[in-house]
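Scrolling down, you'll hit the structures one after another.
Next come two complexes built around subunit A: one with subunit B, the other with subunit C.
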Partner chain A sequence: MSLAQRIAWLLIAVIVTAAALASWIVPASYDRQFRDEIQAPPSKAHPLGTDELGRDRLSRLLHGTQVSLLLAPAAAFLATLLAALAGTLAGWRGGWLDHALESVCDLTMSLPWMFLLLTVRAALPLDVAPMTSVAITFFLLGALGWAGPARVVRAGARALRDSDYMLMARAQGYRGWRLPVWHLLPGLRPVLTAQFWTSVPLFILAEANLSLLGLGVVEPMPSWGGLLKEMESLPAIGRNPWILAPAVVLLMTLASLYVLMGAKEEEA
Partner chain B sequence: MRTRSLCPPPWRNRAGDSLMNSLLHLRISAGYTGRPAVLDGLDLSIERGEILALVGQSGSGKSSLALAALKLLGYKGGWVRGEVWFEGVDLMKLSERDMRCYRGRRISLVLQSPASSLNPWLKLGTQFREAWVAHRPEEASLWRCHAEEALEWVDLPADFLNRRPGQVSLGQAQRVLIAMAILHKPALLIADEPTSALDVITQAGILQLFARLNQQLKTAILYISHDLLSVASLAHRVAILEQGKVVDSGGVDEIFLYPAHPFTRRLIAALPNISWADSLGGLMKGLRVVDSEATMENGPAFAVKDPFAVKDPTVTASRPDLDSTIGIL
Partner chain C sequence: MIRQFLLVAALALPVAGEGGGTLRLCLRSEPRSLHPLEAAEESSETVRYLTAGVLVRINRQTQRAEPELARSWKITDGGRRITFQLREGIQFSDGSPFGAQDVVYTFAELASDELRSPAADAFRTAPGRVSAKALSEASVTILLPAPVAGLERLFDAVAILPRAGRSLDRSVLGPFRISQHQPGSFILLERNPHYWKKDSSGRKLPYLDAVRLDIQQNREIEMLRFRRGEIHMINKLDPELFERLAAEEPGSAFNAGPSMEPEQMWFNQANGSPLPEYKRAWFGSRNFRNAISHSIRRQDLARIAFLGRAAAAAGPVSEANQYWFNRQLKPRQHDPKLAKRLLVSDGFRWQGSKLVDRGGHPVQFSIITNSGNKTRAKMAALIQQDLGEIGIDVRITPLDFPSLIERISRTFQYDACLLGLVNVDLDPNGQMNVWLSSSGNHQWNPNQKSPATAWEAEIDHLMRSQAATLDPERRKKHFDKVQRIVWEQEPFLYLVYKNALAAAAPSLRNFKPVAMFPQGFWNADQIVVSSTVAQSRR
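Presenting the complex of A and B:
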């Protein structure tokens, strides 16, 4: 394992552990307001200071990390699941189903991803409870992010469908759903795993973008995108450089994921 | 709960035509879309308990014939037209659903590449179980017992069921495929160049295995190969395929000692050493029982005895180096 991979693992471990132990590290809830300490600089009680509503920034960062780190893999799982269903069915059956899926994928992928995300999110109710906003963001990312992975899965399913071992399975008289389920799907596991891990950083960024624009996770629930809003004013960054902390954590997480994914690809 | 049998009881003669009384009778043309026909009006039959070797050059349509007989050529982008009579039923008229009842149960297939024919993601036991359940869902719990019996036939231990394809050698993988092929004790086993990927010692073992299966299980074997020596040692009858047609067929002695068709003569002449070919001819003469019925009765020569122990006045050459010759062929 290279030095970069070790550092990447260490960073991911630290970030995940800190997010998991958020309530223990910072006892203050992410929405508790310290009215006497509005926009306070870092101190022993508030290591990253407080925001304009007097809420502890570290608490919000750690709880926001929890939300973003759970939301992105969950959305990636949903997108991979949809891609597996659509791609396997199209690759396995071929014919009009395959052509239909190809057309839908082409159409979905020809639209700019962020534009599509913003349009669909804007069409949905915006004035919702924080947990509902999390659920909407999760479903939106998953439901709109399946097209790219589905094309890859479809190509894999087609290749496996024409393989010698599938021919042997047919020659043995396999019938019905057992052929695709028992023989095809296990062979697609590496493709699906790769698609899942490729989607995670994409969805982290997508969630951050949505929340930054006020279309993702809503206040007072924190997420990385929501926390990045504080960086909108350049003079504010100069005065309070610690508000860069969410951006630094986001960058470290993405960089670490890409380093680890690159290593995985090299192994494959 | 009683499970409905998935297959009708189809193995009865539905016609009295003599053509349909063979175990398998093919009258087909086949090919691939956009290319000339690979099999052009091919007419071939195989009797019950017989080992028929199909010999031809690479690209002559041998493998296409194997797939066409099972109506699997469509999965490789091909087409088949004609009649495939098996146990009195024209398989070409069967639906895909009914056809599945024959595949693996009455007709089995062994492909030439054992490494790619086993699903690398599944344990061998799982693959045996699926092959069993495909035809005997009502006896699903008995799969292990039958899988172990099939493995015993091919001289492999029962613990192979816990292995994955990546954990067995090529020769073992071919034995596993043969074990899966005989799981339901089929009437016909189609072996498409089953020894071409194997070393000579493993080849010899596989040929002995085929001979034993034929003798003891009475399974007819359509042995597809371009390896003349293995054909000579295993088959009861040989059919020569050239440009999609059977141009010559007959008993092994007839084909090897008195080749009639020019293409058959070219095949025999392609043996690397003429004195060697003489030796082989003498050998065949000494070893083979000329009466084909008697041959069928006694089983193939391969399983009978060491050919070089046979005293025959026509064999004048010293014992040839079989291993290197198989390699050259």
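Presenting the complex of A and C:
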């Protein structure tokens, strides 16, 4: 195991453990408002200071990590799964199915999703619990975010379909569903992995923007997306550089996962 | 002395032969209606103010009614009749002449039941219709069903329409007319070539060539655009952005002092709402509303959400409105013990730390507010924690503005709403459209055929009485009583009155912000964008 991989494992372990033990590490609840300590700088009581409502930033970061680390990859997984199904089928079968799936992809990508999301918001009850709202949001992101990756997967599948090793597989007598499942999909793994990891940060940021529609993570629940929104103001970052902490944790998480996934690919 | 005067004049006015530039600012939402008589929210009011001509204009600086399209007026029949002498030679923006028939047509439209104009409510002091009659081409008389005090001030909100058959968009009497409208993106107003006003040197107004209103919900982006020089003015600045701007560009941040605009919360009591019965019972209970009010720390809202640029509110009139404010009323103090007693008296009880009603339903409701307003989001979070302390589970749901308006005015699918109110006049008659139970802006239960409660009937009576009497002391007494009833019943939970904060680019000339709507551009026809300063700023 290389040094980079060891560091990556360590970072992931620290972040996951800290998120899991959030309530034990920071006794202050993520929604408790210390109203006499708003925008406080880091101190022993609040190692990352407090936000504009006096809430402990570290507590919010760790609880937000729980939410985002669980749900953003889940949404990315759903999108990648749908993309793998549609892209592989289109690329493998070709013909009318390819044309049809390509058209569906085009249509999906050109639809004004904002209006769909507004409709979803209108259909949901207003008093939906914060955690349910979060889950719905990430499900929607996953269910709507498959079309772009599907086109990439389709292109990969088409290239592999006519490759030498697929010819060899056919020559060995593989037929029907076994060919794409046992031979094509493993060949598409790098593409799918890349699509998965590209989707994770995109969904984290998309979640933050969805709060404008009344979807997404609602007060007082924290999420990386919501915490990253505090960085909209550059002067505020200059005055309170500790508000960069969520971005640092996000970057460390994604970089570590990228290193580890890269290592797995090499092993494969 | 003369040299100084010339210098000031040179700074204030565009050079002869040059235009006054294009003023750029943002609307926080798409206007709900561009019909000037239907304007009910801030974006629509903004377009109306900039495009419509009125018979009488309330000077936002002096608070006095001044002649506009009407040269003079005379009130007779004890306040039931007002006769206007119109200015002659005035043209609509399409070049067609303005005359008494246009005023007659406007009032016929205003009285129309189909239109349900919010501006009409102020004239409804008694059953009956408002009628207008042309006495000549330059004289018109308006007859009301009952006397109205401060009658002339009501005409500030009545946009004069062109008589039937002409385009509302192209035929306006205000300084600007709509030139382009991209829904959801921008509204471009161009100078009305036939605008009648001139400055003291005889130069035609407005100085500006155009006003571009970009629709921008996000205030951070609005501020970013201001700093980049893409917009010239932020009419209402959030306290946080104000503090930031004041620290970095002190010359661009303006604080016009306490405003007339409250931030308030109300519960849905609408007759046609799809709320379950038990929630209707909560929201309809005075004790429940008072308990919620006593659970909210207003001082914290002002200190934390508004960074001290606001004051706790007692009622529908700001302390800044010195004559009409009822000084006996004080903001409700945070008193959780009293709140609990009030709830117990209504049959509420606690299961563990959670509050439940007498039927065992957990007390949980959602508060909707407009998304993109950081200050309101902070207020909602503070209220959420305050109410959590007495066992109430509050869910906060920010919605885009059109969806929010749809819910509070059409579908009534909401529990509670947190929003601000725009007061356009100091006089109580300006609030008729809020207090009359028949009004569409009677937000907690609008458009009632007859008052749903005895206290709403009393408010109806008092508002009509104050409007119908010409004795200022009696009017004050009646309106004080209205404020007292509102304080007791709390159909609106008044939270804070915010300061009027604004931002203006150094390139703006004649920018004189005031506390009343439309704070920064009340004198839009005299504002100038100086191109030299604008370029150097970039």
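Simple rule for what comes next: the second predicted complex is superposed on the first by the 152 of 268 C-alpha atoms of A that agree within 3 Å, B and C clash if a C-alpha of one lies under 4 Å from a C-alpha of the other, contacts with A are read in each partner's own complex, and residues count from 1 in each chain.
Following the convention adopted for this analysis, a contact is a pair of C-beta atoms (placed from the backbone, for glycine too) under 8 Å apart; a residue touches a chain by one contact, two chains touch by 3 or more.
Worth saying up front: this structure is predicted, and the values here are computed from it rather than measured.
Asker: I'd like to know which partner A:S103 touches here: subunit B for first, subunit C for second, both or neither.
Answerer: In the superposition, A:S103 touches no partner, neither subunit B nor subunit C.
Asker: Between subunit B and subunit C, whom does A:Q33 touch in the aligned arrangement: first, second, both, or neither?
Answerer: second
Asker: Can A:E52 be said to touch subunit B (first), subunit C (second), both, or neither?
Answerer: second
Asker: Between subunit B (first) and subunit C (second), which, if any, makes contact with A:V128: first, second, both or neither?
Answerer: second
Asker: With the two complexes superposed on chain A, say which partner A:R175 touches: subunit B (first), subunit C (second), both, or neither.
Answerer: first
Asker: Name the contact category of A:E232: first (subunit B only), second (subunit C only), both, or neither.
Answerer: second
Asker: Taking the stated contact definition, name every residue in subunit A that is touched by subunit B in one complex and by subunit C in the other, in rising order.
Answerer: Looking at subunit A, the two contact sets are disjoint.
Asker: What residues on subunit B touch subunit A, complex-wise?
Answerer: Listed in rising order, the residues of subunit B that touch subunit A are 6, 67, 70, 72, 75-76, 97, 100-105, 108-109, 111, 113, 116-122, 126, 130-131, 133-135, 177, 180.
Asker: For the complex, give me every residue of subunit A touching subunit B.
Answerer: Interface residues on subunit A, with respect to subunit B: 162-175, 178, 182-183, 186-187, 189.
Asker: For subunit A, which residues are in contact with subunit C within the complex?
Answerer: Touch residues, subunit A against subunit C: 31-33, 35, 38, 52-54, 118, 121-122, 126-130, 211-214, 218-220, 232-233, 235-236.
Asker: What residues of subunit C sit close enough to touch subunit A in their complex?
Answerer: Against subunit A, subunit C makes touches at 217-218, 220, 240, 244, 248, 300, 304, 364-366, 368, 371-372, 377-378, 380-382, 384-385, 395-400, 403, 413-415.
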